[in-house]
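You will see subunit A twice below: alongside subunit B first, and alongside subunit C after that.
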Partner chain A sequence: MELKYYIIRRLLLLIPTLLGLVLLVFLLMRMFPDTYLIARYINPKSGIPYSVQAEQARAALGLNYPIFIQYFFYLKSLFTGNWGYMSTPIYSGPVLQGIELYFPSTLQLSILATILSVAIAIPLGTYIGARPNSLADQLGRIFSLGFYAMPIFWLALLLQILLGENVIPGNPLGLFPIAGKFSLASIPAVPPPWFNPSTGLTGPTHLPLLDAIIHGDWQLAISSLRYLFLPVVTLTLALLAGILRFIRAGMVDASNQEYVKTARSKGVPEHLVIKRHIRKNALIPTVTILGLLFASLLGGVVVIEEVFNYFGIGVLALNAVYNLAIYGVLGTTFIFGVTLMAANLIVDIAYAFIDPRIRY
Partner chain B sequence: MVDTILSQGRKTETKKRHPKIEDYSHTFRLLLKNRVAMVGMIITLIYFAIAFLDVVYPQYLGVSNINTLLSFREPTAVTPLAPSLSNGWYNLLGNTEFFSSQFPLLPICLASLKFDLGYSIFIVAIGATVGTILGSIAGFKGGYSDEVLMRVTDVFYSIPFLILALAFIFLLGRYIEYAVYALIIIWWPIYARLARGQALYIKSMKFVEAATASGASTMRNVFSHVLPNVLSPVFVQISLDLGSIMQLFAVLFFLGVISDPYFPELGNIINQGQSWLAVGVWWPIVIPGIFILLFTISVNLLGDGLRDVLDPKLRR
Partner chain C sequence: MMEEEHNQLSEVSKDAYLRAENLVTKFFTSKGIVKALDGVSLTVNKGEIFGLVGESGCGKSVTATSIMDLIPDPPGRIVSGSIFIDNYNILNDLPKLATINVKSETDVIVKRNKKLIKRHNFVISKIRGKKVAMIFQEPALALNPVLSIGQQISENILLHNRVEISNSIIRRESLSESDIEEFYKKIKAINDDFRPFVNKWTRLYAVPEAEEEMENILKSGADESYALKELKEVVFRQKRGNNLSLIAMMRDYYKVEEFLFELTLKLMEAESINDTTAVARLARQIDDHKRAIKARFSGFLFAKKFRRRKYERVFEEEARRRGIELLTLVNIAEPGRVYDAYPHELSGGMQQRAMIAMALASNPQMLIADEPTTALDVTTQAQILDLIRDLNKVTGSSVLFITHDLAVIAEMCQRLGVMYAGNLVEEGNSSEIFKNPLHPYTTGLLSSIPRVDVKSKNEIKLESIPGSVPNLISPPPGCRFHPRCKFKMDICSEKKPKLMTVESNHKVACFIYSKESED
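Let's turn to the complex of A and B:
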C-alpha cells in the first residue's frame, strides 16, 4: 500500500522537473532573435507563401506577448506536437516526425546495452566481489577501470579496427559490418510494402530487427543482428565497466557487515550468504548510481550512432547542430531529457522495491 | 654530519607546527603509502610537466609555435611511417596524415596536452569554485535558496551531459573558446550538489552550533567552518573531473562539433587520422587514444586514492 503512494508521489514530482526542463529549453530558444526563430519555424517546402507562414509562426510562438507568456505558448506547442521544422541533408521535415522515426533505434541501442550489461554485471560482480584480492578480482578491477576510463568513441574505433568488416584489409577477425542498420542486399529488388525506400526505414516500429521478425523475414533479421553487434558491444563494455566497479565495492562493503558474520556463524551455507545477505545489500547502492550511468550511456549512444552510422536521434541532434537547425537541437535536447527522466523514474521505483527502508 | 643529525633532531623536538599543517602532512604521508594512488599521481604530474614544458620551451618540440598543428606539417613524401625506434624521436610513434601533408604523431600529441590540460583545469577551477560556494551557502542557509538551487541542478541533471554541451555550444558558437564557456555553464551543478550535501551534514555539528551561538554570521560560518570541511570531497571530484573534461573535449572535437582541423587536440588528431585506415594504418587512431586513456586512468587512481586517504572513516 505504501509503495503505491510512494510511486504516485514520485510521479507527481516529475511535473516540476518537466516544467524546469521545458524552461531550460525555452530559455535556450529565447537567446536567439525573433526573426531567426520565425525563419526556421516554417516549412520551406509547403506551397504557402512565406509571409503567411511567418505570421502563423509568430502566432504559434506567441512572439507578440511578453516573455513570461511566451513560455506557456512554447509549452502548448510542445504538448500539441508542434515542434517546429528542421532541414538538414539527412533529414528534412517536422522535428517531431524525425524523432518519431529515429527515436526507436536510439532506445533500442540503450535498452539492449543496459539489459546486457546488467545481466553480465550481476553474476560477474557477485563472483568477483565474493573473492576480494584474488586474481579474478584484480583482473576485474583492471578491466573495469580500463573500460570505464576509455573514451567511448575510441573504444568504438578500436573495435572497428579489430572486428570490422573490410576495415583493415585481410583481417581474419573482421566479421562485423561497421556502418548502417542492415545490408541493402538483404532487401529484395521489389521491396516489401513495409519497407520505405525513401527513408530506408522499415515499418511499423522502425527497428529493422523487430520488423523483420514481425514480418517473418529471417534474412533481414540476421543481417540487422550482425549490424547491431558492434554498437551494442561497445556500449555494453562501457556500461558494464561502470556497473562492475560499484557492484564490487558494494559486495566488499556488505561482506564486512555484522549480519554477514552472524549468518556465517549460525551456519548458513556460503553460497546462500553470498546470494541472500551480501549480494542483496550490494545491489542497493548500485541501483542508485544506475540513473547516472544511464545518463552517460545516453551521451555514449550519440557518439556510437555517429561512429557506426546507426541513424538515431543522436545523429539527428548532431546534424541539427551542424546545420543551425535550432528546433532540431531543442527537440532532441527535450526528448533526451524526457528519456533520462523516465529512466530515473524506473530506477527510483526499482530502488523502492529492492530497499524496503526507502519511503519518502 | 653529526651536526645536521643533531639539528634535525632538535628541530623536530622544538618546532611545534600548526595542527592544520600537521593534518595535511599526515594526509600526504598516507597518500605516499598508497602505491596505486602514487602511480596515478606520478603519471598525472608527468602530463602536467610536459604541458608546462610545452608552454615555456615550445622549441623542444621542434617548432616555434605549438598553438596550431600547421607548424608541425611536413608536406614532403606522404607515406605512412609506422612507430619504430629507428626513425628518431620525432617520428618515434609514427606519423599521420591530413589534408595531404604528414604530421609526426609524438610531437603533436605532446603539443595537445597543453590545451587539453589547460582547458580542463580552467573549467574545473571555475566550476568547482562557483559550485562549491553556491552549494555551501544554499546548504547552510537551507529553506528557499536551497530549494531553488536544488531545482536548478535537477534540471541540469535531467539532460545527459553531452547533449547539454551540444545545446550550449550550439547557442554560443562552435569555437573552442565558446565550448569552454559552455562546459563551465554545465559543470558547476556537480560541485553545488556535492557541497550542499556536505554542508547539510556539517550544519548539524556541535562546533557550528557553538559558532552560531557566539554570534557568527551565516557568511562567516560558511567560509570558516563549512568550506574547509567541504574541500576534501571537492578535491576528489576535481581529480576525477580532469579526466572527464579531457574526454568530453576529445569527443566534441572528434564529432566535429568544435570544428578547427588544425587545433592541437587529441580527439581532433584521432578524427583527422582516419584517412589511412583503408590501407591498414591504425596508429594515428590508437596512439592519441592511449594518451587520453592513460591520463584518465591515472586521475581516477589518484582520485580513488585521495578518497581513501581523506575519508575519516577509512583513514589511519
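Let's turn to the complex of A and C:
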C-alpha cells in the first residue's frame, strides 16, 4: 500500500524535474549568440539582404519576445514535436526524426549492457562477497578494479584487436566484426521493402536484429547479432566492473552487521544467511549507485558508438556538435536527460522495493 | 571432603541444561593473540536464570558467543573446551576442525578443514535457535532492516518446527464431533478456571482464533446440546480444508530429515570417542536413509522446487498465526500490525520485544540474553526484565543473563557468575554472593555501587577498584586480577587459582581461600 503511494509520488515528481530539464536546455540554447540560432534560416544566395532575412528569422523564431515568453514558445514547440532542423553529413532533416531513427540503437546497447552486467554482477558479487580475501575474491577485485580504471575507448580498442574479425590475420579468436550494424552482404540485391538503402536503416524499429526477427530474416538476424557482440561486451565489462565493486563492498559490510549474527543465532543455514540476510542489504547501496553508473554508461555509449561505428544517438550528437547544428545538439541533450530521468525513476522504484525504510 | 564435593557437582550436572567446560577462546589479530576466554566453566540448570556479570571487556559476550559457536572466524576461534547442550557436546569435533600453528604472537597459521567445518556448521545451525536462542544488546542493529518482523519470526519457525506444524494442521483438519464432545466432557470435569485447558487445547489443535468464542460459549452456561452445537460450529469454522495427504507426506519427509540429523549427531559423537564400529554402522545407516529419502521423496522434492508456493503456503500461514501469538505473548499491542511492520517502524522497547518473540519462536529450552536492556531507557528496561522473568516462569526455559548491572542481576537471577578478564572468578547463589562476596574483585564491584540505605558520613565516598581490565594480548601471569588486588600474595603472580567450592553452592577462584592451582 505504502509502496503504491511512493511510486505515485515519485511519478508526479517527474513533472517538475522534466520542466527543470527543459529550462536547462533552453538556457543552454539562449547562451548561443542569436546569429547561430538564425543561421539555419538564412540563404546567402537568395539576394535578399542579410539584415532583412535575419529580421524575418528572428520574428519566425520568436527571438524578439522577452526571454521568459520565449521559454514558453520553446516548451510549446518541444511538446508539439517541432524540434528544429539539423544538417550534418550523416543525417539532415528534422531533429525529432533523426532521434527516432538513431535512438533505438543507443537504447538497445545500453539496455543490453545493463541487463547483462546486472545479471552477471549479482551472483558473482554474492559469491565473492561471501568469501572475502579468498582467491576468487582477489581475482574478482583485480578484474573489477582493472576494468573500472580502464578508459572505455581503450578497452574497446583492445577487444577489437583481440576479437576483431580480420584485425590480426589468422587470429582464431577474431570472430566478431569491429564496425557497423550488420553486413551489407546479407541484404539481397533487391532489398526487401523494410530496408531503406539510402539511410542504411531497417524498419519498423530501426534495430536490425529486431527487424530481422520480425520479418523472419534469420541470416540478417545472426549477422547483426555478431555485429552487436563487441560493443555490448565492452559496455558490459565496464559497467560490470563498477557494479561488482559495490556489491562486494556491500556484502562485506553487511556480513559484519549485528543482524547477520542474529540470523546465525537462529540457526539459519549459511546459504540462506547469505541470500536472505546479507545480499538483500548489500543490494541497497548497489542500486543507489546503479543510477550514477547508468549516467556514466550513457557517456560511454557515445564513445563506443564512435569507436565501433555503430550509428546511434551518440554519433548523431557528436556530428551535430562538429557541424554546429545547434538544434541537433539541444534535441539530443534533451533526450539524454530524459533517458537519465527514466533510469533514475527505475532505480528509485527498485530501491523502494528493496529497502522498506525509504517508503516514507 | 573432596568426595562430597564431587557428589555435589554430579548432582548439579544432572539437571544441567547447559554445561561449558574449560572454554578457551582466542582471537588471532595482527597485534597479537587475544586470550579472550581462559578456561571458563559454567553450568546453567534447567529452568533457572543464571547471571553473568563483569566489567566491559571481561569476556561476558565472548562467553555467550562461544556457547552459540558464533565467534567470527577469522580472527577468532574456540581453541579448546566443550559445551554440553542438553547433554550433547556441540564441540565434540573441535580438534578436527582446524590446526592452529602458533609461530609467534603475531604470526599464527590456522589450517581449516573446510569439509568438516561445513558439516559442523550444518549440525550447529540445527541446534542454534532450536535448543538455544539468543537475545542481543541492541535490537535496532540486531533486527534485519529489510525484512519485516513477521518474516524474521516465521523464518525461525519454518526452520525448526515443520514436523510440529504439520502435525497440528493434520490434527485440526481431522477434528471430529467426538473430539469436541470429549473436550466438553473434560471441561465439565474441571471445577476451577477452565481457561488454561481451553488455551492448551486450542493450541494443540491449531485453532487459537476460536479460543475466545469457545470461552464465551462455555461461560454462558448454556445447556449441553446447545453448547456443543455452538462449539462445533466455532471450531469447524477454523478448518481450512487443506490437502491432508500432501501435508502428511511433507511431515514424513521432515520427520525423516530430523531422524537423519539425529543419526548425524550420533555419528559425530561416535567419531569423537573413536568408536570405529559405531562410526561405520552409523555412516551406513545414514547412507541408507539418504538413499531412501531420494527414492521416496524425489518427486516431492522436485515439485517443491518449482511450485514452492503451493507447498509452502500451508506452513507460512501456520507460521504467521504462531508469530502473531508470540507477539501477543511478549505483550505487544496490535500484534497483527507489528507482524507486518519493519523494524524501523517500531520503538526500541518494541524491537526488543519482537527480538524476544523471535528467540522464543521455536520453543528453545534456553535463552541467552546478552545485555538485553543496555540500549533501552529505564522504564522499558524494567518491562523487558519483567517479561524475561515471566517467560522463564511460563515456558520453563533456562536463561543465561549477561549484564554489567549488578542491580539487575540481584533482581533477576537465582545463581550468578562473576567474570574477570576471561576467567570465571566466583560462582554461586546470587543472594549468597551479594551477602558474602568472597573474591576481592566481587567485593570491589559490590562496594562500588552507590547505596541509598548507607548514610554514615565515612561511607559516603564510593569505592572503586584501582586500575582497569588488563590487555588480554598480554594478560598478567597467574591470577589475572593480581595487579589490582588489595590482598596480593606472592603465589598470585605465579600460579592461576582454580575455581573451588568453599561453601555449598559457592565457588571462588582465589588463593585466599584455597592454595590449589590449575595444573
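The criterion applied here is as follows: the second predicted complex is superposed on the first by the 337 of 360 C-alpha atoms of A that agree within 3 Å, B and C clash if a C-alpha of one lies under 4 Å from a C-alpha of the other, contacts with A are read in each partner's own complex, and residues count from 1 in each chain.
Going forward, contacts are C-beta pairs under 8 Å (C-beta built on N, C-alpha and C of every residue); 3 or more make two chains touch, one makes a residue touch a chain.
Source: prediction; values computed, not measured.
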Checklist line | Which of subunit B and subunit C A:V329 touches, first, second, both or neither | finding: first
Next item on the list: Could you tell me if A:K280 is touching subunit B, subunit C, both of them or neither one (first, second, both, neither)?
Entry: second
Margin query: Which partner chains sit in contact with A:Q138 here, subunit B, subunit C, both or neither? Use first/second/both/neither.
Written below: neither
Next item on the list: Would you sort A:K266 into first (subunit B), second (subunit C), both or neither based on which partner it touches?
Entry: second
Margin query: For A:Q257, using the defined touch cut-off, is the partner it touches subunit B, subunit C, both, or neither? Pick first, second, both or neither.
Written below: second
Margin query: Touch test for A:A295: subunit B only (first), subunit C only (second), both, or neither?
Written below: first
Note to self: Contact-wise, after the overlay, does A:A317 reach subunit B, subunit C, both or neither (first, second, both, neither)?
What the structure shows: first
Notebook entry, point to check: After superposition on the shared chain, which partner residues are touched by A:N196: those of subunit B (first), subunit C (second), both, or neither?
Noted result: neither
Checklist line | Touch count on subunit A, higher of subunit B and subunit C | finding: B
Notebook entry, point to check: Which parts of subunit A are in contact with subunit B and also with subunit C?
Noted result: none
Check: Mind pulling up the subunit A residues that touch subunit C in the complex?
Finding: 257-259, 261-270, 276-277, 280-281, 284, 354-357
Check: Mind pulling up the subunit A residues that touch subunit B in the complex?
Finding: 16-17, 20-21, 23-24, 28, 31-32, 145-146, 148-154, 157-158, 161, 167-170, 295-296, 298-300, 302-303, 306, 317-318, 320-322, 326, 329-330, 332-333, 336-337, 340-341, 344
Next item on the list: Going by the contact rule at the top, pick out the subunit B residues touching subunit A in the complex.
Entry: 151-152, 154-164, 166-171, 174, 243, 247, 250-251, 254-257, 267, 270, 274, 277-280, 282, 285-286, 289, 292-293, 296-297, 300-301
Notebook entry, point to check: Given the complex with subunit A, which residues does subunit C contribute to the contact?
Noted result: 65, 68, 70, 121-122, 124-130, 133-134, 136, 138, 141-148, 155-156, 159-160, 342, 344, 355, 358-359, 362
